[in-house]
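Worksheet for the structure shown next.
Chain naming follows the written order as A, B, C and D, and within any one chain the residues start at number 1.
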Amino acid sequence: MSTATAQSSPGGPGPAGPDGPDGSRRRGAPPKVSDRARKLRPYLLSVPALVVVIGILYPFVLGAYYSILNYTASNPEPHVVWFANFASVLKDPQFWASVRVTAIFAVAATVIETVLGVVIALLLNRSSFVGKIFERVLILPLMIAPVIAATIWKLMFNPQFGVLNHVFGLGTFDWLSKDTALASSILVDVWIYTPFVAILVLAGIRSLPREPFEASDVDGAGWWYMFRRLMLPMMWPYILVAVIFRFMDCLKAFDHIFVLTAGGPGLATRTLQIGAYEDSIIFQNFSRGSTYMFLLWILVFITAKYLVGVLGKAQRRAAGAEE
Amino acid sequence: MTSPSRGFSRRDMLKAAGLVGLGSTVLPSLSACGVGGGERHPNGASEITGSFDWKKLSGQTVRILQTPHPYQQSFQPLLKEFTELTGIQVVADLVPEGSYFTKLNTELAGGSGSHDVFMVGAYFIWQYGPPGWMEDLKPWIANSAATSDEYDFEDIYEGLRTSTSWDFTPGSPLGTGGQWAIPWGFENNVVAYNKAYFDAKGIKPAEDWGNFQQLARDLTDRNEGRYGVAFRGSKSWATIHPGFITQYSRMGCKDYEVKDGRLVAGMASEQAIEFQKAWVDLAREAGPASWTTYEYPDCTRDLGNGNAMMCYDADSATYPKNKPGASKEAGNLAWYAGPAGPDGSYATNLWTWSLAMNAASKNKLAAWLFIQWATGKEAMSKAVGTAFADPTRKSVFDSTFKQTLGAFPGYLDAFEKVVGSSKIQFTPQTQFFQTTQDWSVALQDIYGGDDAASRLRDYAASAEAKVNV
Amino acid sequence: MATELKPGQKRLTPGAIFADIAIVAWFVFALFPILWMLLLALKNDAQQTSTYFAFSPTLENFGTVLSQRGTDLTSVDFKSAILMSILNCGGAVLVSLLIGIPAAYAAGRYRFKGSEDLMFNMLSFRFAPELMVIVPLFVIYTQIGLFDTVFGMIWVLQLVTMPLIVWILRSYFEDMPEDLEQAALLDGYTRRKAFTMVALPLVRPGIAAAALLSFIFAWNNYVFPLILSDTAASTVTVAITKFLGGGGQAYYNLTAAAALIGALPPLVLALTIQRYLVQGLSFGAVKG
Amino acid sequence: MGTLSLRGVRKTYGSTVAVDDMTIDVGDGEFFVILGPSGAGKTTTLKSIAGLVDIDGGQVSINGVDMTGVEPYHRNVAMAFESYALYPQKTVAQNLASPLRSGRSGSFSQDEQQKRIDAVTSTLGIHHLQQRLPRELSNGQRQRTALGRVLVRPADIYLLDEPLSHLDAKLRAQMRAELKQIAQSSSTTTIYVTHDYQEALALGDRIAILREGRFVQIGTPEEVWRTPVDTFVATSLGQPEMNLLPGAVRGGRIEFLGGAGSFPAPADLGLRDGQTVQLGIRPSELEIDRGHRPGGDRWLRLPGRVLLAERLGRQVELDVHVGDGQLIVVEDSDHAAPEGSEVTVQIDLADVHVFDGASTAADDGEARVHRAAPRLGSALGRHSAPMPEEAHQ
């Protein structure tokens, strides 16, 4: 442990003190840490997380295994059929309709939520009086479970007695018709999750260093310039984390859409996960449902890989911008 | 409290510690049982011997999975009587209707016997039965050591008894094979209407399909928030099975016909297309404005709120709306059998919530005692006194239930008019949920503008392919 | 520097009015459904869907939710469901923090082989659809006895909480100048001490944000507690949906009241944590 | 107090070599300055010594003990970071107390800690700021706090990374003086890293000039100033930079500036005829001929015209066109010639440096190694020009 000899008072004033006459402390051989132990350090820190990953991935693997079986309720003793499920799903126009719905939903919802979230974060960051009041309640929509939130929205959407048509005088406008259901689902998603983006981005903005902004403020740089050239590059990593989480979640959107429309009318809001739910849970065609989800998983995996790559680049660039 | 909380114990900790060995220990056991309910459980009735005694299993617990429903709610206060009678504790878990089958399907597919008894409808037997997830109750009924002499199974309406029995051969009629569930409460799909409004305007319910459509259109005034008739339209098999399939059957249409051991789809026959097109047009012109989201609570709510003038759905679903204080139009509602078919047919689809036993249950006698009690005369008579409609026992219907119907004009008449021709109008088949949901999707597409004939032909072809696997 | 400006803050006020209007517009949109829920919660059964703003308000629904009648309607004692949710979600967040912080730190600080893969796997928790695992998970849970236990819920909720915590915190650790911990090392503190003394307090806003968000997501999760628990470990979100009832009687008013009560614990947490959220990371004082 | 030796230390970041083949021995109590431009590897050198980065090759020894694998907190070194690295959540006093409380730099009672902190903060002029948080300080105050956190504790070696870089000029000069005083009275071995040649010359017992991760020259301030081994070292010291003039040996004379200037090639340099050389002339050693110097061949005189005269306080920087090139001359403002005037600039031949090679000015930072030639002055055996004490700001 400590080989330091007791240090007497620094004695005289001045900086000579610290090293004093007794600065000649000596020690034995200091303890060493081997190179291997050093290299192992980050891995050791990650081990518990790794265990959790593996533990949780196990059921995923099992789920993926279902997709090469012919496992249904009426065939509880299945055997391996390899890619027969994939072939039949990929030939199914309903599947491709679902891919389309999922893509539109995910892109639209993510874009709208990100733009709105960033704007709200910027507006709140102005720390005006109004902003300060609202900042406290920003998170409220997230507090209502999506299942419940969608139920409330469905009540508000109802053309007979819903409050929206009443307040806006829309008569019997059908918010959840074939043409409007997807947009309305996106609206509800935006309502629930924009605060999520806003909070992440706001926290990010607040963690930015102030100096560059002060400097450019002194330079008389315009707000837009400051935003584009300074703030945005530094905010990108935070925005991208929000985008990644939103986009991934949107690709597997289920809860609130299912409550609103059950995937209808027709196939108008049948996202991939709703399709998977129908197959796996309602029809108990487990293999087909797993095939759907496996394909969805691949889709998500590829996009995630791409987005994470973009995030990495943005982080390096942001690091550059801060220096 | 019905659910003793198990909370968080040291045993839980041990279980969690077992997780560490998850990779090594679970993998082999899963490959044995990795795909859920692969295991077949033998029928347990033969193990019960000796004389019948309610108290046989005193001190044990039976777990029931239910969905909130007037049936369940009227039985809730009676559960303690079961415990008094048998000494068996009841743990009743409730899962809301929207998630009920998610929960139940997973549980059965997972081969778990965590609930001994569960609520099901007749169609579910077609899906849960073939994999062996449900216990055949016939041997239980027949075993005098397990069943009280007073039980009187034949007192239950015959249509209901056959509706929960099948041999699992596609196309084979109901009533063959095992008894997979005991009907508990049931409902006929008839028309409920706003009698107060009808009377004020001097309108009489329409007795045939043509007049019915016309009347519904005439009653509709969107500016007043009023429309003719509410019926379901959401993307679900449940859209097909109440009013739709009832009227479809009255019009002489068939879902499938058996030809040479194959099911041949009938949804695209000329007659069927004509009816379905008319049905969707009716929804558009005289139905709820957001028809494609409408489930039965929406329909009955609009009836109760005075938005819908009629409601073509289960009598037992509209029934609670007329109870004092339950809705705005409470006391103003009345029932009739709905429009007859061209040949005067009152063919009606029924739904029965029945009680089934989990084949994986480790407590089968307790489960059977509960089912026996709940579907027995005494308990059902008591339940009828609150909100239980309709009882499945003729004796209960004729004695107790009729007396409660004084404030429900037409209810009894409608019931008696259709009960003789009320049965499951679907052809039993194992792909019921998928093909029937697809049917609702087809109707939604037509509602959204697709051509009825071609859309239904597509549907019929795909359904036929699916059911004849 | 008494009037130090925050990034993005403006001195002038012409655009500020427009900005205030924009912010008010958003919050009208964001808060209206919640206001509507509140109104719904104050209506009686007959009025729940037949009135808009004119009704005779009653607080009865809140009482009903917490009473024996509420328990009869849902088979769950709402108060114990809240307690279970707190145990489940609080436990899940704690476990995620304990496990996730070191991992996030390792990924943010060290460039090591496999770091990206591990991080990506963390994220893949999130993108694998819940339904893909629910049937296998149910089988496993019933077999090893984790079904309907708090432990089982904590374990499965890692899917929800862990990736969020790790990913948010990683960027905080990456942003934190490593000079600070190095200074602590040279001051004579071990790596662990340097981490707890210097790094940890600095990412506190990040921890607060990540913990809060993941707590809320765990709280709101529906499918896992629905399938993997019955009554013993069931959560408040499942309990709320049970008020939607069935058999023709949907208690929207009770649902709304239950949802409002059910939102209180995360709300209280949010308000307690808020000052950390707002404070942000003042690395500006650290970085040159 | 302690000794430090580096043996072939190498550190790479990916494919970038930050520090390579670094070998030095620093004696006990020595004040050793490492001078180099940004990116030369100065900070990496310090962090390698401190054990904050794992070196890829070579060896660091402190007090003769091999430090390989030794954790930073066992090395008993203190470091002031260029980024200050002050704990943002702690006050100045708490920041300074941190190394005293860890128990690894000695055990100090509460009282002793406070005494030390008071002593150091007084010296550094931040005594009144003890209860402030870093974010409430100016950059200069933060830097002094960072320095204080080093000085407050006993250590074998102090590592100071640009400790004056963020101060304004006046404060920097003042602090430099203070540091010098501290260094003289303290006996702790100090490695001091800077890009400022004045600090290096003023403070260092020895200076090592670092270029792209390698030491180019190590010597006393006098040595590196008088006898830079190449043009890199030469241009690293002095502001404005040394004039570098290409020239060639013809007929025993070194000619440059297109023949405008020439002088006999010193015999001891062993220059061949026709060989190209570079002449290094410090602007401060050039002066305008006002007839105040004796004649004779000691003085090299060059006629030219003043193109530009930039007043920099006490001094004036002149751009003088001579022959086919330009010379920068720094003059006292009293003697400055106006722009456009014809002048003669002169320099003592002893102050002219001769470097091997034909290349032009090496201030572009490109790696061009010049074989050094001995300084002409030494051949003539004269020491005159003082080292710059205070250049213009």
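Here, a contact is a pair of C-beta atoms (placed from the backbone, for glycine too) under 8 Å apart; a residue touches a chain by one contact, two chains touch by 3 or more.
Because the structure is a prediction, the values reported are computed rather than measured.
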> What chain pair has the highest count of contacting C-beta pairs?
Replying inline: A-C
>> Per-chain Cα mean versus the mean over all protein Cα atoms: which chain has them closest together?
In response: A
> Of all chains present, which has the mean Cα position farthest from that of chain A?
Replying inline: D
> If you average the CA atoms of chain A and of chain B, how many Å lie between those two points?
Replying inline: 40
> Once you find the CA centre of chain A and the CA centre of chain D, what distance in Å lies between them?
Replying inline: 50
> Between chain C and chain D, what is the gap in Å from one C-alpha centre to the other?
Replying inline: 55
>> Can you work out the whole-Å distance between the CA centroids of chain B and chain C?
In response: 37
> Which chain C residues reach two or more other chains?
Replying inline: 49-50, 135-136, 140, 155, 191, 222-223, 241, 244, 283-284, 287-288
> Residue numbers in chain D touching 2 or more other chains?
Replying inline: 71, 75, 103-105, 153
>> Which positions in chain A are in touch with at least two other chains?
In response: 55, 58, 62, 66, 158, 161, 277, 281, 286
>> Going by the touch definition at the top, which pairs of chains touch each other?
In response: A-B, A-C, A-D, B-C, C-D
> In their shared complex, at which residues does chain A touch chain B?
Replying inline: 54-55, 58, 62, 65-66, 69, 71, 73-74, 76-78, 154, 157-161, 171-179, 181, 259-268, 277-278, 281-286
> Taking the complex as given, what residues does chain C use to touch chain A?
Replying inline: 4-10, 15-16, 19-20, 22-24, 26-27, 29-31, 33-34, 36-37, 40, 49-50, 52, 98-100, 102-103, 105-107, 109-110, 112, 114-116, 118-133, 135-137, 140, 155-156, 158-159, 162, 164, 166-168, 171-172, 174-175, 191, 205-206, 209, 212-213, 216, 219-223, 237, 240-241, 244, 252, 255-256, 259, 262-263, 266-267, 270-271, 274, 277-281, 283-284, 287-288
>> If we count contacts the way the header does, which residues on chain A are in touch with chain C in the complex?
In response: 39, 41-43, 45-46, 48-50, 52-53, 55-60, 62-64, 66, 116, 119-120, 122-128, 130-131, 134-149, 151-153, 155-156, 158, 161, 163, 166-167, 191, 194-196, 199-200, 202-203, 205-211, 213-214, 217, 223, 226-227, 230-231, 237-238, 241, 244-245, 248-249, 251-252, 254-255, 273, 276-277, 280-281, 286, 289-290, 293-294, 296-297, 300-301, 304-305, 308, 312, 315, 322
> Taking the complex as given, what residues does chain B use to touch chain C?
Replying inline: 1-3, 5-8, 12-13, 15-16, 18-19, 22, 26, 29-30, 33-34, 36, 63, 66-73, 76-77, 91-100, 102-103, 106-107, 109-112, 114-115, 296-297, 300-301, 305-306, 316-321, 325-328, 330
> Touching chain A in the complex: which residues of chain B?
Replying inline: 19, 22-23, 26, 30, 34-38, 98, 101-102, 105-106, 109, 127-128, 130-132, 222-223, 225, 227, 234-236, 288-290, 292-293, 298, 302, 305, 307, 430-431, 433-434, 437, 440-441, 444-445, 447-450
